[in-house]
Amino acid sequence: MAIERVAMEDAGGHPTRPIDFAGLVDVERGAVSREIFVSEEIYRQELEQIFARAWLFIGHESQIPRAGDFVASFMGEESVILSRDRGGRVHVFLNSCRHRGMKVCRYDDGNTVEFLCPYHGWSYATDGTLVGVPFAKDAYGEQLDKSRWGLIEVAQMESYKGTIWATWDRSAPPFLDYLGGYKLYLDLLLDAWDGREGGTEVIGGIHKWLIPCNWKFPAENFSGDRYHGVSHRSVDMVGIGPSGKGRRDMQERNEARWLDVTFPELGHSMIAFLRNHDSPLAPAYQDAPIVAEYFRRCEEERQRRRGEYWRLFGGPGTVFPNTSPLARQPRTLAVWHPRGPHQTECWRIYLVDADAPAEVKDFLRHYYIRYSGPSGLTEQDDMENWNYAHAASRGTIARQYPYNYEMGLGLGTDAFEDHGLKLPGLILDVTQANASENNQRGFYGRWRHFMGAASWSELKAR
Amino acid sequence: MAIERVAMEDAGGHPTRPIDFAGLVDVERGAVSREIFVSEEIYRQELEQIFARAWLFIGHESQIPRAGDFVASFMGEESVILSRDRGGRVHVFLNSCRHRGMKVCRYDDGNTVEFLCPYHGWSYATDGTLVGVPFAKDAYGEQLDKSRWGLIEVAQMESYKGTIWATWDRSAPPFLDYLGGYKLYLDLLLDAWDGREGGTEVIGGIHKWLIPCNWKFPAENFSGDRYHGVSHRSVDMVGIGPSGKGRRDMQERNEARWLDVTFPELGHSMIAFLRNHDSPLAPAYQDAPIVAEYFRRCEEERQRRRGEYWRLFGGPGTVFPNTSPLARQPRTLAVWHPRGPHQTECWRIYLVDADAPAEVKDFLRHYYIRYSGPSGLTEQDDMENWNYAHAASRGTIARQYPYNYEMGLGLGTDAFEDHGLKLPGLILDVTQANASENNQRGFYGRWRHFMGAASWSELKAR
Amino acid sequence: MAIERVAMEDAGGHPTRPIDFAGLVDVERGAVSREIFVSEEIYRQELEQIFARAWLFIGHESQIPRAGDFVASFMGEESVILSRDRGGRVHVFLNSCRHRGMKVCRYDDGNTVEFLCPYHGWSYATDGTLVGVPFAKDAYGEQLDKSRWGLIEVAQMESYKGTIWATWDRSAPPFLDYLGGYKLYLDLLLDAWDGREGGTEVIGGIHKWLIPCNWKFPAENFSGDRYHGVSHRSVDMVGIGPSGKGRRDMQERNEARWLDVTFPELGHSMIAFLRNHDSPLAPAYQDAPIVAEYFRRCEEERQRRRGEYWRLFGGPGTVFPNTSPLARQPRTLAVWHPRGPHQTECWRIYLVDADAPAEVKDFLRHYYIRYSGPSGLTEQDDMENWNYAHAASRGTIARQYPYNYEMGLGLGTDAFEDHGLKLPGLILDVTQANASENNQRGFYGRWRHFMGAASWSELKAR
Amino acid sequence: MSVVPPELARLLLKEEVEDFLYREAELLDERRFEEWLELFTEDVRYWMPMRRNVPADEPEREFTREGRDVNWFDEGKDTLTRRVKQIRTGVHWAEQPPSRICHMVSNVQILAMTPDGASPTEVTVKSRFLLYRNRMETETDLLVGKREDLLRRVDGGWKIAHRKIVLDQSVLLAKNLTFFF
Amino acid sequence: MSVVPPELARLLLKEEVEDFLYREAELLDERRFEEWLELFTEDVRYWMPMRRNVPADEPEREFTREGRDVNWFDEGKDTLTRRVKQIRTGVHWAEQPPSRICHMVSNVQILAMTPDGASPTEVTVKSRFLLYRNRMETETDLLVGKREDLLRRVDGGWKIAHRKIVLDQSVLLAKNLTFFF
Amino acid sequence: MSVVPPELARLLLKEEVEDFLYREAELLDERRFEEWLELFTEDVRYWMPMRRNVPADEPEREFTREGRDVNWFDEGKDTLTRRVKQIRTGVHWAEQPPSRICHMVSNVQILAMTPDGASPTEVTVKSRFLLYRNRMETETDLLVGKREDLLRRVDGGWKIAHRKIVLDQSVLLAKNLTFFF
């Protein structure tokens, strides 16, 4: 539905002097200005340069199994509808009537035959078509071309292993190109634990909550912050792991190489672990025999299915800009919806192997609840730190001092190999170093591309 | 009190690139950008271009019958005092002390001999004159010219059939010119039901409440939205009309022509009904004999007094920019005070024939309470729709898609005549069509004039 | 720690057309535009032009007697730490980690060996040095130069008679030059009542509260508003003074010359009283013998110590921009921290002679509580007036009308002498006039310098 | 049957009245509106005045008048019933999806009893309320004030014969009043 | 006269104390300040400390001290009386027009009785309060916290001999305190 | 010993339950968390569901399910205990400095007793809460809703065997839940 845009910056009203993003984000020297977190004007431009152009996570197929099912989601600040039409095709629409903009879908989820606008009664089919217009013939005659006034649909939408992604930009590359080599790592979240493709599902109940910080604090933290152990010291002392100790059973970390993986030209990153090729897997979940047995079997399966790749384990990561897979247990997917420069609405979805035994699902559900989200013992302290890191960066003086991203500056290889196993991405082995900021630099480098680029043709060029 | 203005846009600070209002408001094609509802910068300019220049409704003479009576009101965002001085003359003042700006009138209404500023004690007579200045001689000597420091009074003020209007712009045309041909329709609200001139009064208690939407949503809705029946379907089902059915007794609509009346060059509009010249009036208020009898007599009276014009009945309308008469029962006058781009303070005044019997006034009072305002069964749903129509229009993508105002595009006549009865305005008969958006286009067309015009000489030229 | 600044106005984003401050602040004619109180843009520039360059009050030595003691304070909007390092040296730091900006000191006061950042664990010694960096060697190797990443320290800090002041601008003059001739008046607050240098201490408990007005309302009011007696009429009627009558014992005012003292080239002002050279001091605090006796002795002492200067008594004043000494009883020091153009966080510190008897301290403490702050009978009404003076000045029309500062315009001498006693500053004797606005004009004149000046070299030139 | 001492009788009445108000709150928050309607007499007056800012010494002008002025509510059982019916239509958009509402009731006082003594047939009850509304994503309203109820003994139970609701606001800080106090 | 069993006596005392606090709230909200003053003994201490942000293991430093530090309130009956008088002057601008105030009292607990038993002459009572203030057009404050009162039996009724008010704020989120807790 | 008449017994039970909930609130606000834990049975279920915006006629889909879905809380005593331990570590940054918290409890209703009559061993209690949190300088949260508790008589006192917390929000309007309901 191409209607020429008449937006403010064309129509005046916003300052037009270009912002010097290279000056604000100097990843080459490991310096990032605080301005990009707290400036109203930069935030406004992020909505247009990033959230109106990038591929964004919308939801999961398992949320809308039947024709007519819908779920409300967000793209940036805007409400969108994830809908499965009567023919079974999936769509993503802006949740706003074309007549006077009323929000046409007012429920979090459900099943419907149409979206009826409560203001004047225009109704839209589940495929977005404008089907009902009161007094259409008498009041509009020939004037109204219904075909031009359906719900605003995204320019591109793709379903990947159950997850649904969309973009408002028709010139954006296909989703898999957008994902690039990161696919291998995202699969660590989306594939079944035993290595079969896909096979994960969402367990009901999405955590949704508001936090007082810029959306990039959680995005960069999840992209690969191995360094904030101090934040979670209290949990390590108390012990909430599956075996009642520490934060988690560390089997994937012991006797493994710690890899910080990032794709600077894409902006995606993940923390990964590569098991030694010759070390067996330590037992885990020892307190819960059924769970322990399940994972043991899964690992065996995976080894057979994946061959050498079984050695690769995931952790937290971020798909640029604001979707964060957490590829180990508790296995979740987080979305950081921007709500102004100073606030973020967090969404948290919980994934399990669809065909795991009930006991396993229940065990992991409890683990998730005590670990993650606003009631999670671990992440409560993240919210606190992001809150006051943001707040303390807003001032006139504070803004003059860039953040420090020098850890592991200049290190890493894009030709990583281990006993013949090649892994994609700019990879830095931090087994000795414990941590680096390669992933964060990858994130902000791409952020700089997006903010400066006039179009996707420029963005693809990188 | 002409003190040369030293405001921000002269002093720098605000962006000065002109906004392309013609691009944002294309009433000729029935398209209006969402930007004009949600942009901070456009809102700021509205306060200067519209609310500082247009005639605005202030209050009603019946609120201040005696010398010394005052009522607090608003012009745009600013508190003003409607005052009747000791000589009986009516004034409208900015409610702000000239010394340090303190709000000098802190009550909603009352009777006083002066407005005493509680900060340093300057006091102003009810005609705005600065009469009291502590230590005037000792502290100020010759320096302070009291005559230059009275309360800031509006540039023009007029009282029309009990209603009081004012403007800050001395170059604005007289109120009756501002009203133009719309006078005939406004009179449907202000004249007694039996056709006598004036004779309406305000019944005590002004509804005041805040709603989360731009002020233009209610203004355009009242200007003539016959189309939002779906909004009020629940009321039609429940029945709150005078005779316990539907929303109202429809006598003025049956056997009548439905007319959408607008004055594009003025911005005023109203929904009207023109009875067939040969059809008697259906009985109404059958459940309440006294009321039924009262209206029956009023109609007879009106026929005798008004001749052919008795056939004309009013409905909701809007006097540009933000005053909405509702000329049928429940008979009210609404003002939509802007409170930032995203909020509006609604004021609702209830009018009755001053000399109607107590039973009739009481009957109508109850009808009003159950129909109108935040506790009114009907209008509760309007607030909901305006709220979320506004909210869903704020986003980066949403702003790219204009609202649709194509209904009845290009139709209507400015030489309306029915059996020899000529009616002023651009009139569209929607008896068959049920509805049009002529009135809304008239409203936004005038809005575009105001936002673009440098002065009233330009505005008069239209 | 000089890191070249990459702030928004260099990087675009903010309008750059210069604001005509001379047009907004015309102290020569006694007119000040309301814009400077309500404009977002002017406020933003105040933070940079004034609060990032002027000397600001931080705290009092008596709050941090021991090594390791710290107190949280503010400079403008930003949290700072007042710290006494292990060596006993006093420092003022921005309360923000250099790594990701986290607030490192999260308590109002206390004693510590280091400031540990709860996000990633960087820790800073009490002298600001970055001493702890987890995995420093492994993760950062040579990259991180710890010496460059300590806490951000103010450019200059000075301790004067127990009070601690600081500025972010290294080109600012020394504090005593900044104070200039005002030193004599500030000493009236900081010296013991018997005339000994210093000897005042803070009594525990700082009043902190938020008020809805621009920070300049309290700053100008305290600079010397003798004119707002009407504000406090209720207290005069009720009587809360030391002897149960009026607001205070007036001994310092009767038989004295009332002097409005201001330093236009510095921006500092104070209300002062000069006793007649030949009149003895009236007795005070008659209801409390011990207190009466204490003050009587103090006065005798002062006469001996100060000679002719004993005749000089202080009142409220303001050290530009936002620190207000109140040099008589109740003896306090107020700071008006800006919180956006429309809000101010007030801090109130209470001072007593360190070696006064307990009965005297307790008596004055009660007097302070019933007089000052949000629970003080007197100042409650100031908050109300500042609140609504500000609110009523925000509108489009209101902004067109400047405030009036004509009282005593053009009067005063900078060569004041009384029976051989010379006093510094531009002094106006208002014993007859009761009040003037010399001090306010001095304040806003200096405000205009700061807002317009590109650097301290310009500011010193005035 | 045991004779109840007068002190105990008073406590029982107090507890009965508190419980009545708590059950009413429960019916409202649980959206059991039809049962809620049954708590009112047929001739009930349900009144919520508006409030003006007037000088402290002119309190008589503060409230709009029952039965004479425009009020927020000035209802009989008929319109209360219609309001409930409207919510049940399913197309009362302002309550689709339903609001999440919490009625907190406190400071329950019995101001008068007629006849005074052990078993009154009418009691005048004053209480304070905090009404919290949250709907959709983040929409939130907080309405605080007092209620004065006249309760009448009707076949063994209590019914509300008159309710005065005093909201501690002048400009209503809510977009609409689609709920009950 | 009937002998009141001890269990009943306890309930009666509890109800008496609750009713006392509710009546006090009513006197304040109805602006009957002179009657409110009569609820206090002549030697009453009315104390509202300020609160600091300190580490969890240094709670002793959290509150400013009665009778030693600067507090929000540290009053005797004399200044309480003057505060009431000030409101009555009619020129106490911060209360012209008057604020609309609602005191919600909850969680009433009797912490101690002396002498313990049926008819104590002093009781220590803890309660929680929500104080809602709305004035002028939209000005709104919400103040929440606890009160600990020492009630003393004085010729048949209760009077407040000591009140400690714990507001759950550090920076006061209100422009002034022209009302009572 | 005196025989307690049934009406009095009911009042005593009611008062006992109210006092129990008030003491619990006191323990939480005073940060006496270990004593608070003792108020729960070993097999307690502590459940706080999330809420969806659904049509009025699909209420069954509104709440996430205990024991099956992801909830805000779905705990046993073990994790409650770990939460308390975490606060006591002194390095639980989200509670350093501690939040200032006030639990206001109101509308206490006894919905069921088993066995019914004078001395039940289990009672189902519904109440409403307002939880006010203020921390650091100006950070403030207001959480309002209902609780439904199953209280069990354990050696003379009551313990909480099951708690359901219904927060009247969908999107949580707080950055975290480092406190208890």
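For reference, chains read A, B, C, D, E and F in written order, and residue numbers begin at 1 within each chain.
The working rule: a contact is a pair of C-beta atoms (placed from the backbone, for glycine too) under 8 Å apart; a residue touches a chain by one contact, two chains touch by 3 or more.
Computed from a predicted model, the values in this text were never measured in an experiment.
With steps allowed only between chains in touch, the distance from subunit B over to subunit E comes to 1. The set of chains touching subunit D and also touching subunit E is given as B, F. Counted as hops between touching chains, the shortest connection from subunit B to subunit D is 1. Relative to subunit E, the most remote chain by averaged C-alpha coordinates is A.
Chain centres here are means of the Cα atoms, and by that rule the chain farthest away from subunit D is C. Between the chain pairs A-D and C-E, more C-beta pairs are in contact across C-E. For the touching copies subunit D and subunit F, the fraction of interface residue numbers used by both falls below half; the interface is of the different-residue type. Each chain gets a centre from the mean of its Cα atoms; for subunit A and subunit E, those two points are 51 Å apart. As a whole-number value, the distance joining the C-alpha centres of subunit A and subunit C reads 48 Å. Mean C-alpha positions place subunit E and subunit F at a centre distance of 27 Å.
Counting partner chains per residue, subunit C has residues 15, 106-107, 118, 210, 230-231, 381, 384-385, 388 touching two or more of them. Shown for subunit D are the residues that touch two or more other chains, namely 8, 11, 53-55, 90-91, 93, 96-97, 104, 106, 130, 136, 138, 142, 170-171, 173. Which chains touch which is summed up as A-B, A-C, A-D, A-F, B-C, B-D, B-E, C-E, C-F, D-E, D-F, E-F.
Within the complex formed with subunit E, the residues of subunit F that make contact are 2, 4, 8, 11-12, 15, 19, 22-23, 25-26, 29, 31, 87, 90, 95-98, 100-106, 130, 132-138, 140, 142. Subunit B makes touch with subunit D in their complex at residues 106-110, 203-212, 230-231, 233-235, 237-240, 345, 350, 362, 365-366, 368-370, 374-375, 377, 379-381, 383-385, 387-388. Taken together, the subunit B residues at the contact with subunit E in this complex read 106-107, 118, 210. Interface residues of subunit A, counted against subunit B in their complex, comprise 1, 3, 5-8, 10-16, 47-48, 51-52, 75-79, 94-103, 106, 116-121, 134-135, 138-140, 143-144, 149, 152, 168. Against subunit B, in their complex, subunit C makes its touches with residues 15, 17-21, 23-24, 30, 33-35, 39, 41-42, 225, 227-231, 381, 384-385, 388-404, 406-409, 430, 432-436.
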